[in-house]
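Data block below; observations after.
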Amino acid sequence: MTETLSLQQLNELDEAGFIAALDGIFEHAPWVAAGAYARRPFATVTALHGGLMQAVMERPEEERVAFVAAHPDLAGKAARAGAIAPASVSEQAGLGLDRLSDTEYERFERLNAAYRARFGFPFVICVRRQTRDAILDAFEARLAHERAQELATALDEIGHITRLRLVERVTGAGLPKTTGRLSTHVLDTHKGAPAQGVKVELFEVGASGRALLAQAVTNADGRTAAPLIGDVPLRIGTYEIVFAIGAYFAARGLDLPEKPFLGEVPIRFSISEPEGHYHVPLVATPWSYSTYRGS
Amino acid sequence: MTETLSLQQLNELDEAGFIAALDGIFEHAPWVAAGAYARRPFATVTALHGGLMQAVMERPEEERVAFVAAHPDLAGKAARAGAIAPASVSEQAGLGLDRLSDTEYERFERLNAAYRARFGFPFVICVRRQTRDAILDAFEARLAHERAQELATALDEIGHITRLRLVERVTGAGLPKTTGRLSTHVLDTHKGAPAQGVKVELFEVGASGRALLAQAVTNADGRTAAPLIGDVPLRIGTYEIVFAIGAYFAARGLDLPEKPFLGEVPIRFSISEPEGHYHVPLVATPWSYSTYRGS
Amino acid sequence: MTETLSLQQLNELDEAGFIAALDGIFEHAPWVAAGAYARRPFATVTALHGGLMQAVMERPEEERVAFVAAHPDLAGKAARAGAIAPASVSEQAGLGLDRLSDTEYERFERLNAAYRARFGFPFVICVRRQTRDAILDAFEARLAHERAQELATALDEIGHITRLRLVERVTGAGLPKTTGRLSTHVLDTHKGAPAQGVKVELFEVGASGRALLAQAVTNADGRTAAPLIGDVPLRIGTYEIVFAIGAYFAARGLDLPEKPFLGEVPIRFSISEPEGHYHVPLVATPWSYSTYRGS
Amino acid sequence: MTETLSLQQLNELDEAGFIAALDGIFEHAPWVAAGAYARRPFATVTALHGGLMQAVMERPEEERVAFVAAHPDLAGKAARAGAIAPASVSEQAGLGLDRLSDTEYERFERLNAAYRARFGFPFVICVRRQTRDAILDAFEARLAHERAQELATALDEIGHITRLRLVERVTGAGLPKTTGRLSTHVLDTHKGAPAQGVKVELFEVGASGRALLAQAVTNADGRTAAPLIGDVPLRIGTYEIVFAIGAYFAARGLDLPEKPFLGEVPIRFSISEPEGHYHVPLVATPWSYSTYRGS
């Protein structure tokens, strides 16, 4: 693993040093860094990433295809066998793609084979921006695309993958936006004040079940101390925030039915912008609530 | 099974006929009808029920206790063995209390035994006004009560049970309110009109899972052709209406993310008034919604 | 004034009787009824109106222009002098156009003159579907139109005028929709029930001030006994419903600031569909409210 | 006018210096500072103010009454004649109480006379925390009080008056909260994003009319660059924020009626906590909106 270095340091390296410093950002493709070398100095990390992608995009189509084709299958044999780039290993592991059941593994194998048969290159997706369900949805949707569209999509995804890798390698001004934020807020319009002490749980809602991602309790301002998700890309997928609003109103001592109208309020929504800010508030009384994508 | 008759016919019967006509309304207790006979004529069915209950309430406490004690255990041996009043059989069957697994049966047996040991009479509840989960919650809550409070509660529940039986036996003016209604309405505030064609599903949400109770699609007025539940008591319990609002907005052809912010919107709420009207609307855009207990 | 008659009676009249029966519906143009006569019998009043309009539309352009040109100026000398059709007199009087101040009269005269100079026919509008402000807005907007567009608009307006006159003359099946409805509803989501006893006032909001149109108090269902406006066309224009929600919550005895956050809540909105249903509810707590065009 | 000094400087002054430094904070009452002198050093400005008030409260009732009685009439002859403390002059002038019409002046004179006749001391209120209407409302409400309650209220008001004066004289840690904030936010739930470019106007709504207090346009986050009111006490009173939401949606190019349902949306509300934060957002589509006291 190459160490972190500053943009200024990178700008001052000779070509061999420059290529070595960026080793592993673009999978098995030192020529990308070589192609961008002449464009130094880069004023921002965003410009650096742009220069690297441009070095890819200016190659003829067959080279771009070969470049994409050098990427490993998702959840494939190479991942199981350890024959992929170290960054790919940890990215795929983050989503548990290295720990699939045999049934799941076979589903991925079938999709991988069908995709490769249709397009001549593997299915590439930036797994750090996706839930597992979103990957499977994307896999099936993309199998229906035209080849030119898929090549463009694969390169876009490589853009996302390498941008995330780059900001972990190079520090400096002008970092590209690679993280999103999911926050909430609970307002009690029965008393006209923030709702303090509401238990909030965030779930990922997948085809095969639910996974608890975060738990928090609202503070005096009706917010959670930290965003429910922050400082990482938001994974494209479906989520549910469950607010224990019934327990909150019961604790206020209101005169409500023994089994109150609202107990646990689920707000289910999907995220489609991994680098976006999703603010999902709950404005509630014991008898009503509203929510919206706020800011 | 005695047949249906009109309040006027009932008012004109002699004492033996009156008692026979009301046979089975009050479990194994023809003396209730006998006690109410002198109060004829009854102007309304509500007044008739009131007269019958008064015949119970004016008896000394030991007789009221004996009256309650003559009721069968809930989901008990008598129900399994067929030794309870025919109305009780069908009421308990309606909630599946005659088809419990051995584990569930044992849980009811334990609760029945504990309740009977504590109070000297069986646990009585009007099952037609309850979900199975609500019965178990009530069972545990009522085990902690004082005996006088429980005797009053048991008689209240017998009031509910017999009121429901009575309106199926006697027709006429002044029927007591024994049914509730659950309705919904979907309004699209993105276009300022009712949302037509929204798929709506109603679930009972229990401790052990969910059961689909009703499905409907909204009409041009944003309503369902019939109430989600109507013409029966609403069972005390927790429910979820799931609105397929994402598919609705997609069908409108709006420019939304591939995975829209809102897909299936669940509204979870509890019912505590079996004879009430619960109107639970959804007022939605692709990015927001609100709900409330309406009218 | 010809009397009311049924569609069946009308269908059975001879030509002279038919023309006489419809006298005054189309201003100074008995040839319209004559042209529609051959199309009898009409199955519905809507079809009758369609037949009459068709008799206009099938005439060559110069005759349609002459037909429009035979209409009186709005708020003009003819109206002051009594030289217009009796129906026109009462329609213009309904909006006070016969009682203009000299300044207002001069403004209308200037607009009438400009319009007539530009298009060669007078400005025609169905005053029963407009507030006075809406007429002035329409006047100015229409002065900028092309002549062909204005001729079509004038004939549309004559369609509205004559439809309203026709449903007052001819009874029978298939009446065209000529009336709208404005209704409201107040829901108290602090207690989860309709808000009873809320004073509601409806104002027309004009450039030169406000006029109180209706007052009501909500009933046990949170509604007003009658629609705020009903059984007439809704006048295109701007309105305000003011809800005395502060007094309502104070009467409930809630613990609120001496000067509560919400006192009189104004909801200002415009009506653009005179034959539409505008349902404008208020869903409120002492600290929040929402409204929408409902159904 | 004494200059600003730090709490530390004040703590280190000798008694004469201490009294001089606080001259004018408590109207014509140097004994208040003298009484608090022994309690030095004060850790915070809040504690300093508490010490000064305590020096008042520990005096016998007749002295407290005499102290209140030394305050000038509101909008009275002394104010007109310039015979009141300089701070009082500018405070009363801030609300235009030195520029009353003769009718208004007479109304204040009558109220002042009635109040003084009933209680034996003048009506004292912290004018910087009030609109003119709120003062008149308070005047009439307080005339109905008991004397003991009024004496307590007058001393509370003197607490507010002197707290505001003190934070302008003494700097340092632990300043008491003397300012409030009124902010807004416009969210467009038709497109699921903040509404940028909405014209917002704030009015004070008084018995005799409306006064424009602030104008702003929302930024990319749907907020105004500065709070609508900030860094001063919010005056108790009634306000209206008018949002030009119709123009905003028209500028988005949506397909809406020529006269859209929502044009200028007024939100009318009252402020009762001058040191509070009032966040009054608008969550809107072209066909609906909601607001609430947020945070």
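As written, the chains take the letters A, B, C and D, and residue 1 is the first residue of each chain.
Rule of thumb we're sticking to: contacts are C-beta pairs under 8 Å (C-beta built on N, C-alpha and C of every residue); 3 or more make two chains touch, one makes a residue touch a chain.
Quick caveat: nothing in here was measured; it's all calculated off a predicted structure.
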Legend entry - Remotest chain, subunit D as reference, centres from CA atoms: B
Inset, instruction - Just give me the whole-number Å value for how far the CA centre of subunit B lies from that of subunit C. - result: 49
Legend entry - Intercentroid distance (Cα basis), subunit C paired with subunit A, Å: 55
Legend entry - Residues of subunit B touching at least two other chains: 189, 192, 261, 283, 287-288, 290, 292-293
Inset, instruction - Draw the chains as points, connect those that touch, then say whether the picture is a line, ring, star, complete or other. - result: complete
Inset, instruction - Report the residues of subunit B in contact with subunit D in the complex, numbered from low to high. - result: 189-192, 261, 283, 285-288, 290
Legend entry - Of all residues in subunit B, those that touch subunit A in their complex: 134, 137, 141, 236-238, 257-266, 268-273, 287-293
Inset, instruction - Enumerate the contact residues on subunit C facing subunit B in the complex. - result: 187, 189, 192-194, 221-222, 283, 290, 292-295
